[in-house]
């Protein structure tokens, strides 16, 4: 089975996610883009699993879903905490730590 | 038969320093002084007991230390380090005594560091394992770092940082070189750093060359030679006197000693290959150091630059790759240590009286301090290698050794002898003679200061009267060290044959030979 | 399709998993007990329980120690071999130290002891899994299990903006790293057809060529993801910011444990699964090592914040460690393992002193907080001095032996120039390590920080007047113990060498 | 006791004296130190006589003995023993040195009284005598160098004896440095010989030299020239002579002892001692002969214009040593050494007389301020005149025979040597002139106030001042203390001068051509291997030479009398008439300026250059600054990209990733 286009698609999604992380200033959107990147990985895993005919990739993808959920939760938690402290919700203004 | 003597010699000061750190300062400082005197006694006994006819090692201690890395705890004494150990012991005894009488600020820490430093320097001199040598070589910087930074004068932190980084840059390069030496020489992972073993495992000429450069960097910085002396000015200005004494007298010798002990026997082809480079550096150092010594106003810096010149002579002797030259170099190491130690004590006395280290503010001291003037005179004349001083014997050996193959360099270097006369006599004259400066307060040497300076002077005179006492014992060892390099033809891997040649007189190769 | 009936339950070696159970179980227990209020529970019981879990884990690890024997548990997904056990031991020790350092930390008052230590134990569990991972899935699980609690811990000092900033930065950049890693793992899986390290190793050269673009792209992405965790340049940038922003006990934990875990999996992945393409990845990693050494040391020089300085120095040290990986030899593996252990001791000692000082000094973690410490508090000054000397690689400390070992491995692995780079890095590092010592011992003097004007550093974790050095004996004890171990192992390194040799036997493919 | 035993005693006495004086410096009251020092030298003289008699007891062919105390240095083929060589040459030198030294010690006992460095003075003086005797008795180059350098050091110490005068210490440094240059020359020469012969002891070198080197062999000539450099530096031969006039800053007895009678003749001794080598390398010997001649001429001309009493004598010393160097270089060993001895007598005498006059002048040394001391100081006048007559080569005085023998020898060698001889004769006329210029200007003419004061029996004590600069001083700084002593009032000074005056008259009898050859005969065993041993000038030519020399001396004296006694204004007229010449001469042929321009200033300039440019630009700038700069740039870069902005981090991460992927893709192709 030719999975080339699946892989290409996953690569595009990965690149889109990466571009989003690079360009967006809202942490929420950044988190969304991270999800995109992870899911690009998932897509690749599933495609390869399909191509190779074993289940390892699919199991892997399931676990990744869980992990992705966790990450987003943590991210949202931090954003909430920042909002509560009335800190700017803008990644460009988070530069107290530098140098 | 392995003996524990050297371990005692090496670690006695450290142990005393450690104990003293937990005793009241009043008691502790004298404990350290006693330990240094003990080491001195040991060293003298060793000289008396030393078997000069054997080129091999004596009082050997040889144990596995870190067998995983092939590092052995291997100590030994032969003609090469016997007198350097004695020199170290003598100067540390003098310097700790001097310090014990003065240091008021955190005396226990000071004495601990002094003792620690002695252990490290003695360890470096005794080590017969390259890695062990490197360990002690690096280790000795730690106490000096604290001593200069904690008790120095003026811009001490800058000075000590510069000193430490400069010298550590060198010794870290040496570390890399040493490891490479052990790894590349060891066939099939049989790692050994024992100098005797390494000398029998010749490397290819190309490998030798880059390793040589790493070692040379370490040793030349430590010496120091032009143009690697950037640390000297700040350091010599800032270092407290007792520390400066051991720093310039003993520490600087570790580097040049490394050439004789390690580089020449183990990297003979590279030594031959870089002979001209090293000689040129040495000659330039001699001239440059002399001229700058001549144009300094600060007494300490006169001696600092003169040391560069003197160390240039030593390196010149070593890289003449002749027996005479090396023998002279070895002797000059001891002599320079003695004179420079005495000089710095004297400068300390002068500074205390003039209230300044500037020569322009000294002057006329001889008027009220004839004893000081007399001692200074003897030391100054010895420094400029006046015939009849041990320095003369050493320098004539160095020059003779150099003349043999490198006549032109030798002739240029001998101009340094004349320049030495200029700057030393100038130093003596500016401080002791001429009108007394109104701000200076000429005063005779105190009894305790005399007790520190006079013995050094006596040793200088004694060695001048009878230098053979040293030459007798060092002859065999030096000869065997130079041999491989002297016979190595430039650029060809003839080192393979060199170790088999054996020293003249049919002795065994320069390996570990145990004296009963 | 595989018929359902044929699925066999996986073989699970519970004995081998016992240390992991201890930490996971400990984590749960600590979480639950932590819910109880009360000073006794928060200040004494919870830390004791956490420590007990770690001690138990250590005991079980020792019991499992069996050099030469690789126990493939859970169908080969985890290998409880000496490499895994050795590194687990490091995580546990780091965990114990962190518990001690957290005892009086402000962060604990904010989050509660249970959450704090529970997350810590959870992260340790992730590390244990990572260290033993023999499968791409366990690798990913391990990495995430170690990372996610750390994101939380970093941000857990809610009252402090920089802590939140650190947490979010770590999370975002970390997730990018994770996603990259994941994509790389997918590609490797796709190229070799296996998630098993053994299967991958077998697949290379048979099902897929050594120069296969898919495989190598996968390797590149994996390298990026793991390099990020190990703070290898140019993926190091989160390190100084996160280290500075995070609560200091967590910083210290991250500095030593995360780095060890990252190197554990780098060793496993590259020196085991991808050993056959060593010729391809070694030059790239070597280049990264050089870059890391240079950037790390350069960055550390101008820092006035001690935590930041240590972070940068950690970057540099990662470069040294990478040299042990690059050569792809047993000697390299041993040297890396050795250095990781040593690195743990040196850093714990240093961080302990920073913690002790930032709690009482008006300068926080600024280098000025150490001024004249040699006079005021030798018990803190000496460990810091030893730690700095060891980090700089002075002899008679374990740091020297560690560097010696690494250079030895580099030269023997025909990467002599990398050995010299280590040395060059050490030279630059002298500037900032020695400055710390100078500040402590040499009285008042102007601290020259060449570039940026010194920034006002706020006390990181707040400081309470009652908490001077004498009031925090556990911090002093950690510092003194770690420093003493550094010196002792510098003089008598043989025990650690024996362990390292055992570790060397774990990856049988290496020569 | 054997001859070498006496030889060791010769050394032991002054060494013991030095130590006793130096270590017990606080103990010796009054003049005790002076007498102790003198006694030590007397002991040395006695031991020298012992050597002499022991030697005379032996057959002529076994009069060369080596005594070894211990092995000094022996390593890798380099062997030097602490050994002495006793042979007629060294015994002769010992006798001269210890004898004259003893007299000068006695003179100093009185002359230096009340100087605050009295004990120090005698310690130095004894040390000097020890060193000089060591130099003479050395049996190998190492011991020779020791003695050679020790005398240099002693000379330095004595020149800067009044160390609070900066002119004195400056002169000391100058002398010392030029001496060290000579030492270096000797070392190089010794090496070249060692390289060829493998030996450092004289016997070994001389024995092997014939085998190792051919006649005029390049290495041998180079070696001999280097030895000459040593000799010239010590004996103040052109161009290494500039220290000697400055050395007159030392107390006058020092000038008498070191800078007239003994140390400065060491070069002559060295050439005589090395004669087997110089005969093998005639080219080098010719260098010696020419330099000697040039020196004797130059020095004589400068002496014509000098106005400082001591400096006139100093230039005369240079000139006379030029004769000696010429003598031993043309193989007239006996003659050269004969002149060395007579010169020691009359020159010491002249200096003693000058010291006495200077004391009477209260420390002033300028001839311009002196005059008419004849009546005030009859004894000084008499002895000084005897010295001047001997110096001038007045017929039948000691200098008459010794100087003319040298010139007769030179003439006898024929060829180009004739030119040298002619120059020598010319200079002997000048010698007579300047010698009597001193006599006339000091003792004749209108008495100066100081002389008048002395005539009234009272010694003038002026304001103490530095004679070189006129700078005011307190009484303790310089010229011997608050009290001054003149020969007329101090018996030890008289006791020292009288024997010397006698010797200056009669010493010539040791070598009157055709009548006596005592000295030459005694020295013969040392020079028996000389090729020129048998080539004596004929008796008639010697007498002709004597006549010529005597005539020139008389002429010189007559002209001096004419210029300074008969027509006192003539000198001034001549000075104005030949002002260029006068300026040239009174500036001492500009040798000091030459050295200053060639060595001193370039070195100082290089020192400044090194300190300001090399140190700060290269060593601290490029090497240190460059490294620091590179690290700083790196630091700035590392921190500059550390902006704290999340997106920048992510960007770098992604770029790094891109780079890695690119690399791996390239590898995969």
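Order of writing sets the chain letters: A, B, C and D. Residues in each chain are counted from 1.
The rule we apply is simple: a contact is a pair of C-beta atoms (placed from the backbone, for glycine too) under 8 Å apart; a residue touches a chain by one contact, two chains touch by 3 or more.
A quick note: this is a predicted structure, and the numbers were derived from the prediction, not measured.
Closest to the protein's overall CA centre, chain by chain, comes B. Interface comparison, A-C versus B-C: the pair with the greater number of contacting C-beta pairs is A-C. Distance between chain centres (mean CA atoms), subunit A to subunit C: 25 Å. Rounded to whole angstrom, the centroid-to-centroid distance between subunit B and subunit C, based on C-alpha atoms, equals 43 Å.
Distance between subunit C and subunit D, defined via averaged C-alpha coordinates, is recorded as 78 Å.
Each chain gets a centre from the mean of its Cα atoms; for subunit A and subunit B, those two points are 64 Å apart. Of all residues in subunit A, those touching 2 or more other chains are 18, 21, 30, 91, 94, 96-99, listed in ascending order.
In subunit B, no residue reaches two or more other chains under the touch definition.
Residue numbers of subunit D whose C-beta contacts span two or more other chains: 639, 642, 644, 646, 650, 654. Per the contact rule defined earlier, chains pair up in contact as A-C, A-D, B-C, B-D, C-D. On the side of subunit D, the complex with subunit B involves touching residues 22, 25, 70-78, 120, 142, 145-146, 148-150, 153, 156-157, 160, 163-164, 166, 169, 172-173, 176-177, 180-181, 183-184, 187-188, 191-192, 194-195, 603-604, 606-608, 610-611, 614-615, 618-620, 623-624.
Partner subunit A is touched in their complex by these residues of subunit C: 2, 136-137, 140-141, 144, 148, 151-152, 155, 158-159, 161-162, 164-169, 171-172, 175-176, 178-180, 182-183, 185-187, 189-190, 193-195, 240-242, 244-245, 302-303, 308, 452, 455.
The touching residues of subunit A, counted against subunit D in their complex, run 18, 21-23, 25, 30, 91-92, 94-99. Contact residues on subunit C toward subunit D in their complex (touch as defined above): 168-169, 172-173, 176-177, 180, 211-213, 215-217, 219-221, 223-224, 228, 234-235, 237-238, 240-241, 280-281, 284, 294-295, 298-299, 301-302, 312, 428, 431, 450-452.
Listing the residues of subunit B that touch subunit C in their complex gives 66-69, 106, 109, 131, 134-136, 138-139, 141-142, 145-146, 149-150, 156-157, 160-161, 164-165, 168-169, 172-173, 175-176, 179-180, 182-184, 189, 191.
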